[in-house]
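Two complexes are shown next, each including subunit A; its partner changes from subunit B in the first to subunit C in the second.
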Partner chain A sequence: MNRQISLLQSIGLGFLGLACFLGFWQGMSMSGLVSNIFLPSPFEVYERFTALIDRRFAGATLPGHLGASFMRFAYGFLLAAAIGIPLGLLMGWYQLLDEIVSPLFDALRFVAPIAWVPFAALWFGTGIGGPIMIIFAGAFPPCVINAYRGAKFVDPRLIEAANMLGTPSRRVIMEVLLPSSVPSIISGLRVSAGLGWQSLVGAELIVASAGVGYMMVQGQANVQTHTVMAGMVAIGLVGLALDTALRGVERVIQKRRGLEN
Partner chain B sequence: MPRRVSIGLATIAVAFVLWFGLTTVFGIIPSGRFPSPAETWSALVHVSGRGYGGGDLTLHVYNSLRLVVMGFLFAIATGGPLGLLMGWSRRAEAVINPIFLIIRPIPPLAWIPLAILWLGLGDAAKIMVIWFSAFVPSVINTFAGVRNIDRPVLEAAYMLGMPKFRFVTEVLVPGASPMIFTGLRLSLQASWTTLVAAELVGAFYGIGRVLNVAQQDLYPGMILVGMIAVAILGWGTTRILGLAEARALRWNTAALAAKG
Partner chain C sequence: MGVIQFENVGKIFGSRASGFEALKDINLEIRDKEFVAIVGPSGCGKTTCLRMVAGFEDATDGTVSVDGTPIKRPGPDRAVVFQQFALFPWKSVYDNIDLGLRNLNVGSAERSKRIAAILELMNLTHYAKHFPHQLSGGMQQRVAIARAYVLDPDVLLMDEPFGALDAQTRVVMQEELVRLARKNPRTVLFITHAVEEAVYLADRVAIMTRAPGRIKEVLDVASIRNAEDWDSHEKIEDVMDLESFVHLRTHIWRSLREEKAAQHA
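For the complex of A and B:
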């Protein structure tokens, strides 16, 4: 576009941007234009974050809440992957199943995952079952869609070659179809993890008695803006770590397939 | 009728019969867990006639729709130009990108408690969280759209000495528009999710409010009505956006058709 800039310049400008952002924030909270209660400075948020690591708030420390959230996340996400990926693959391989399931799936897809909260609470309670169902509702569709795409758009030449060589259909599935849909499945998992984590936070804001979302709601009820912000930082960090980990897996698999770009 | 459509209709018919059978005829699913078709219908009549959770269905739908449209338009109006700027100037990108890297991992729903602290339970807080959820996808996709424009097109515009304003309106925006619309679709979905969550956490009107009150009243019929309303609204607005896209990108499909 209009001018290329060097790496050094771009790093320098990046720091400038961050400094402006944090400086503006610090300035706003120091100037007294906005009450400190509603806009704590970045430093205060950092202090609160470190304090919460070993001080209890709303029944647990920050790592305790994160642990509770992450457990639910892991259950819901694994359940979504365990059901969604096989369903998507089967829909990609068997046209009849695709034609039967697609209309139901499309109709349900338009229900925002968070709208399942009332039924989740009614069916599974607000402890661990309800939130798991919400994560499932968020993480399930991308698992199905990407597994479906992976299975549907296999290079037809590979299947033809396997058929021509008289490979039995079970081996075609295990050795041709399944491996070639792996990259698509992994990117689906990455999208799923992001949506699942976000749905979990939403569920914990509404119905839960532990977890980071619950901690934030309690912070909000006690007008502790720094606790709410510390919760946001924690959620962002976990989300980022999840995404980075799955991105790493994605890259390793692409490299092994020679699909690297 | 194509095979796909007839099988689809048959599936939906079977699902409906199963629903009716399991709830009403055999009573395997108790009505305290999931409503029968008749209970859902009576809940719909209840909310559209006498009203439920502070108003009738039209009022709730109107409020939710209004907030999504306002937050969404506000996000496009701010995110689009920022994305164009970042795509246009490497310097702007270098300054703004790190701030994005910090804010992006925080899911929009996590802004809800902060929005309530800052702005209370009214419309302003909802618009703030919808803005957050729709802003990020519109910036990122507009930015990517600008970077995807063919270089020769840009160079031709430079060479012909196109004035800046016309360059933006006649080259950058149309060139980026296929990606911009992808971003808008993601933004719209995020807006609905965020709005429903924000209304579930606390609101005076809206579909999320209906869901929340129905959950507290243990009223499965009303919960289902609320969910169907959310789905129809989400589907309808996506559809309108799709029509707008087809209209705005007519030149593009024409160009594609001419090519092959």
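For the complex of A and C:
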């Protein structure tokens, strides 16, 4: 039997999980089994987190670092979408392009974004360019793959309908392929944003002179493990917010298409 | 004008040596403004005939032409109504109907006038802003018919257009199509496996056989319809009750059944 779980119950269960996790963590750090530097308690992390909101550390407050990270993220993510979506659609439409690009793409996408760090720093510097390239490496594949899948699985009847209505074949891409792929593209963007955000913070651990990742590295250097943890919390929260926002967009689009589930 | 001609048409899917022979020696001429239905069992290639006129498939042998010109590609002079409607789900009813007119570079004032007229004719005026998924199957198919008719095509190709509808909706749509076809006659090629539907709607009914698909018989329904004055009956069930209708229907059933028996023998 599949019992329906209400929204309220679902939120309650989520909080229960979080409470258990925090309780276990607090218990571990209070038990004295591990040292405070080794594992700061949730309470300390919370205090540090709130303190960092208006206190500078490593040159900026936590919102300042987050802002710097987010700007890089936005550039890299938008660049990935701007190149990846058209590329994916065209690969799904033109067999020849698919044959040429797919093998290369399928091999390259297994190279973790972090592996690009040395070259990103070498080619684009550690300021804005390098981190953007790394987030691009993380965010690009899902954009391409989902646009490609959207174009590949478009209902062939819709293409035929557009053809018989006299739509020139180049315009079929804009009239049918793109709009038909929108739900798939949005799902891709969600995955893409998640991976991009992950890769960016990873990249900042190595390159960059501001940002949450940079703040965490400085925290590590100063043996401030609670600062590192506060950074982790901030990353998680921003990631969650991003994902929730994009999921909202996804739902609105599905509703407009009558694809609700 | 809108004369459709099949001349010695054959279609093989796959290679000539090992492919599937879907159609063989199809010869049929559909006159201007004539309504021809092709009936036959599933898999007999009747839809392939339509798809060749639409320009979605090439003939392997022979030629399919409209007004003497062999067909090369799809175009708005041969509008198609699909079984599964094939409306663009991201476009409103209005925009679905508008696309073909925009492709023909019709001016915007003229476009809105023509769309308003076809919406009115198809009883869709209040649904112009709706999206396809908000409409019932019957309404969606009306939109698809409107989208085809608004282009003022020489030829209307209907591929089992009412096959996905429930029985009641189907009857209403059949009556509406008759009304539309009388008011605004077009050359229509109508594909169906429903015998009654073919007899009720068409001027001539072509009966197809299977594997490979051939045209077995072409029946002249129009002369019987006119002689027996079917059009004086408004309701489809009254027409279907007429002796001449029953007679024709039974003839087609027998013809289709003989075909099956021959295959089993």
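Operating definition for what follows: the second predicted complex is superposed on the first by the 239 of 261 C-alpha atoms of A that agree within 3 Å, B and C clash if a C-alpha of one lies under 4 Å from a C-alpha of the other, contacts with A are read in each partner's own complex, and residues count from 1 in each chain.
Note that a residue touches a chain if its C-beta (ideal position, glycine included) is under 8 Å from a C-beta of that chain, and two chains touch if they have at least 3 such contacts.
Not measured: the values here are computed from a predicted model.
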Contacts of A:Val182 with subunit B and subunit C, given as first, second, both or neither: second
Which superposed partner A:Leu16 touches (first subunit B, second subunit C, both, neither): first
First (subunit B), second (subunit C), both or neither touched by A:Ile206: first
More subunit A residues in contact - subunit B or subunit C: B
Partner chain(s) touched by A:Ala161 [first = subunit B, second = subunit C, both, neither]: second
First, second, both or neither for A:Leu33, with subunit B first and subunit C second: neither
Subunit B versus subunit C as contact partner of A:Arg257, first or second or both or neither: second
Partner chain(s) touched by A:Leu8 [first = subunit B, second = subunit C, both, neither]: neither
Residues on subunit C engaged by subunit A in the complex (per definition of touch): 54-56, 73-76, 78-80, 82, 84, 86-91, 99-100, 103-104, 131-134, 147, 151
Subunit A residues within the subunit C interface of the complex: 155, 157-158, 160-168, 175-176, 179-180, 182, 256-258
Subunit A contact footprint on subunit B (complex, rising order): 3-4, 7-9, 11-12, 15, 33-34, 87-91, 94-99, 102, 105-114, 116-118, 146-147, 154, 189, 192-193, 196-197, 200-201, 208, 211-212, 214-215, 218, 220, 223, 226-227, 230-232, 234-235, 238
Residues on subunit A engaged by subunit B in the complex (per definition of touch): 1-5, 9-11, 13-18, 20-21, 38, 96, 99-104, 107-108, 110-119, 121-123, 194, 197-199, 201-202, 205-206, 213, 216-217, 219-220, 223, 225, 228-229, 231-233, 235-237, 239-240, 243
